[in-house]
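Dropping a structure here in structure tokens format, bear with me for questions.
Letters A, B, C and D mark the chains as written, and numbering starts fresh at 1 in each.
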Amino acid sequence: MKLHERFLQIDRRIIYAILLLVVTLPLVFRSPLKVTPMSPVEKLFEAVDNTPDDMAVIIDCSYAPQIKAEVEPMAIALLRHAFKTRKKVLVLSLYVEMIGLATKALNQVVGEFNSLALTANDSIIYGRDYVFLGWQPPPIVPMLGMGESISAIYVVDYYGNQTDTLAMMKGIKNYNNINILVALSGSSIPISWVAYAQNRYGLRVGVGCTAVSGADFYPYYQTGQFTGLMVGMKGAAEYEELIERRRGVEGRRIASEAMLSLTYAHLVIILFIIAGNIGYFISRRKQRRSQ
Amino acid sequence: MKKTIPLVLIFVAGLLGIISFVIPHPAYQTYDEWIRNSFLRVLSAFAMVLALGSLLRVHFDKIRRRRKNWQYSWLLLIAFGASSIIGLFGGVAADGILPTAIGSFHFDIQVLYENIVIPLASSMFALLAFFMASAAYRAFRVRSTEATLLLTAAFIVMIGVLPLGHSISKHLPMFVQWILNVPNVAGQRGIVLGIALGVVATSLKIILGIERAWLGGGE
Amino acid sequence: MNISTDPWIWIASILSLAILSFLYKENPIFRAAEHIFLGVANGYLVTFYWHRILMPILFRPLFQQGDLLLIIPFVVGILYLTRFIPRLSWLVRIPIAIYMGYWTGVLIPATIQAQIIKQMQGTVLTSQNFQAWNAGSWGIVWSVIIFIGVLCTLSYFYFSREHKGVIGATSRVGIVFVMTGFGAAFGYTVMARISLLIGQLQFLLGDWLGIIK
Amino acid sequence: MITILLLWITGIGPPANVRAHDVPSDGGGVVVIEWNLAPDDALLDGYEIHRSENGVDFVKVGFIGRGRRSFQDQTHDGTTYVYKVAAVSDTLRAFSLPSAEVTSHASWINVAKLNIYVAMIIFGGLILYFISCARRGKALFIRKIAGLQAIDDAVGRATEMGKPILYVLGLGYIEDIATIASLNILGEVAKKTAQYNTKLIVPNADPIVYTVAREIVKESYTNVGRPDAYDPESVFFLAREQMAYAAGVDGIMMREKPATNFLVGYFAAESLVLAETGAATGAIQIAGTDALSQLPFFVTACDYTLIGEELYAASAYISKRPLLLGAIKGEDYAKVIIAAALILASIIGLLSRFPILNLFQ
């Protein structure tokens, strides 16, 4: 078989094997890829970063296990950013099935900070630095209700404390005290936040979503309804880059590690397409010559 | 009669569907809600009995006649039987009469779903990554104008969405967004308009009894 | 390395590998996973239909609360089962007719609203639509391109003439839009699918084998 | 804190010009209240909406953020209400003057959807007109659709190779038009497999579609005089779960190695799983769907793809029933009307100040 014929008929299993290899190796060897942050992610970063001391950030962790790979790194990066810069954080989930993942991300990041803390001031303390509101069905109830009073909707937090007795909640009454809400989701939840919380109460909404919904959500960012937008693993990697570069946040960069796999995978696919076309080109020329 | 009654019913039901759009009055809407949420959902549940009957029959038959790969049918039947019993008697939230845990080992239907159905489905989704690669390799050849367009657009987008895209040109990611928002939307909208007209026409034909393939055989 | 000791993680991992082995070739392990998948997915379906539909909206209201109106869907639903009685099997058309008729009826106005009128609204050339792009005077150019693209694509689906002459030319342009869009959508989805693969590998290498935790 | 102090000293001004009106063409139970912003809007928490049935006792019914000028209240039809709006800052309230009396009521006809009724009448009328033309025997020209010829060839190929044909109806429900179109094509394919005595495999994902598909295949075998050749197990139910269905079909493709795969109907992400597996077995693949997001994958991985409306047209074309062809003619004229309406609306929109987009609400 000649070379160009080989290019034309590469066995699918060879393609699969190479793809599997280039995706797995960077994951095992953990080499994060430096990325250049783009403006939709930068705007989200700046909105969170510029939260004044008397306001808070809400992080809505409404992502299902199926999309965890894409969205969980966003939750972790956001939490690290907020805790590092001492922003007040409210965490919630709109669906009970998703509360487990929210708890996991929260515990992980709080643990990271507290394992390094030397004094109570350095630590991240529940009720002073963050509050986990848990969930309150159906989604529309908290979306609308928090516009008037957060502690009236979440009377007790996830751990059963009276929400209005927590120190941090003293200055946080409703959306007027929330600088931005970041919705992490794989569905149309961010659009509901705009429809209910933004249109009625003027809440700023930032979004982290999967690569599939990215194309649908981009117009909302363009019109300014979304303050910022993180799409897929790449968006998460850009956020990781921003918090490391500008705020010196350290920690394992899961999305940036996956970026290398993602890049190699794309390049491998592109190379195979090129190889196929070279083979096709040569064989067509030979055919013409023989005619 | 065997055809007339169904045709009359489909016409009446179709009118009810259209009317639900026209009349907003609660006197009608509460009744419409009952059709949707009670009547039609109950119907779909009964159809399920029929379908599962088909599934079971095919596999029992396979076992009885010792057809090729009949052993696997046992696996399906056991998995189906066990999960149905756990689901029906153990309850959706492990709140039924059947105990669904031995010590700290839980096996209620939600656990089965999360640890069997979700990983299996996620793995099928993971297969897609490989299939995209082989499909792109096979089909993206410059053999015709259409194929070349397909290839070029896919190429630009695949590079443009990578961090690499930004280092090639600052405008590349913007260009990707533009392709998705302008030419892509135009093409899609043209297709959607055509589809919508087809949907309206076919729906009309069904309600009026012109399109009656669904009646199947018999007189 | 710290391998998981959770039996469910082992089950989930082995089933995942069984599916991935399909890439090499169809094999007994894949076949087993496929049949387990079909079995459990249908078992879940039975649970769902029983606990979420039949009990709460039919049996409980009918037999416990005495909502006699529900006898109608009950009886009509049972007609599905006449399929097993050859002489009465035509009765199965009754529930199908009702079900299909209602939903196709709903479809007519809904489709006209969402897929014809709304799509037209976004296509008409007006200053309002130009501004929606938030891109200054480029908004006019983008709107005009979409306008032309929509008309040309629509002409591709015009079946009353052969693709010759004017229709031939416009439908060629339409195909350019359609194929560019398809290519872009394909390229865009690659990232999403690879991400899912990465997620699955993170589960296998991390949660199960503990290599990358 | 300072702002609140400031407001304590200066006091806050109330919103002005409170108006309340019923929403026309709705199911009732809603009143819209509108007002002009209070002078210190930027410093407020927001606005409280209070209502009264007797004009004396007001109860709070809602709250909305600052900078908003309207609120929708849930009401009882037939009851007369009066509204007041209060500017709120912490514990301070500044009430507006009461609105005029308002009563909500439900409508019997949704007049706001008039444009849709007009469109329904035009499109429906066109389609019915051409169907009646067809019924009167008028010859209607429809161009050839690429991919249709392939269906004939596909069945022939399977027969020559002595291999089965796999017909996948997808995930659609019976009311999905793609499914109905697919069932029509299935009927024709089944007639051919009956004539050539080729094995047909039809796995299903929806219980109701399964019952109908069974009937259709059986009828096709009877129609061509081969009821004996019909195998009741050729049409069966697999699973409703998307990927379980895909795994099942993949297994069938690999074990039975069909000569031709039809992937026609409604599909979601599993489309490429099916199409690539089919391609790996070397089958000829004919796809057709109206699921926009899956078309790119079918176009890439299959030999022929019926795109959107082509699928419906193909289903009418292949069944060769003049009445079904008439509908396509009607759809074509509707396309001309849509194109003309777009051009006309653009001209009006560009040249005049008429709010043309409102016609397409």
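Note that in this section contacts are C-beta pairs under 8 Å (C-beta built on N, C-alpha and C of every residue); 3 or more make two chains touch, one makes a residue touch a chain.
Computed from a predicted structure; not experimentally measured.
With contact taken as defined at the outset, chain A and chain C are each touched by B, D. With chains reduced to the mean position of their C-alpha atoms, the one farthest from chain B is A. The pair with more inter-chain C-beta contacts, choosing from A-D and C-D, is C-D. Centroid to centroid, with C-alpha atoms defining each point, chain A and chain D lie 30 Å apart.
Remark: chain B and chain D have CA centroids separated by 14 Å (rounded to whole angstrom).
Computed from the mean C-alpha positions, the centre of chain B lies at a distance of 4 Å from the centre of chain C. Shared contact sites, meaning residues of chain D that touch two or more other chains, fall at 113, 116, 120, 123-124, 174, 177, 208, 211-212, 238-239, 241, 243-244, 247, 255, 280, 295-297, 299-300, 307-309, 313, 328, 331, 335, 338. Chain contacts: chain B has residues 21-22, 44, 47-48, 50, 52, 55, 69, 117-118, 120-122, 124-125, 127-130, 132, 134, 136, 138, 140, 150-151, 155, 158, 161, 180-181, 188, 191-195, 197, 199-200, 202-204, 206, 214-216, 218 touching two or more partner chains. Each of the following residues of chain A touches two or more other chains: 12, 16, 23, 211, 215, 234, 262, 265-266, 269. Residues of chain B touching chain C in their complex: 2-3, 5-7, 9-22, 34-50, 52-53, 55, 69, 72-73, 75-84, 86-88, 91-92, 105, 109, 111-113, 115-120, 122-130, 132, 136, 145-146, 149-158, 161, 176, 178-197, 199-200, 202-204, 206-207, 214-216, 218. Remark: chain D residues 113, 115-116, 119-120, 123-124, 141-143, 145, 173-175, 177, 208, 211-212, 238-241, 243-244, 247-248, 250-251, 254-255, 293, 295-297, 299-300, 307-310, 313, 328-329, 331-332, 335, 338-339, 341-342, 345-346, 349-350, 356-357, 360-361 touch chain C in the complex. Chain D makes touch with chain A in their complex at residues 45-46, 63-68, 280. Per the touch definition, chain B reaches chain A in the complex via residues 114, 118, 121-122, 125, 129-130, 132-134, 136-138, 140-143, 151, 155, 158-159, 161-164, 166-167, 173, 177, 180-181.
Contact residues of chain A toward chain D in the complex are 12, 147-148, 173-176, 200-203.
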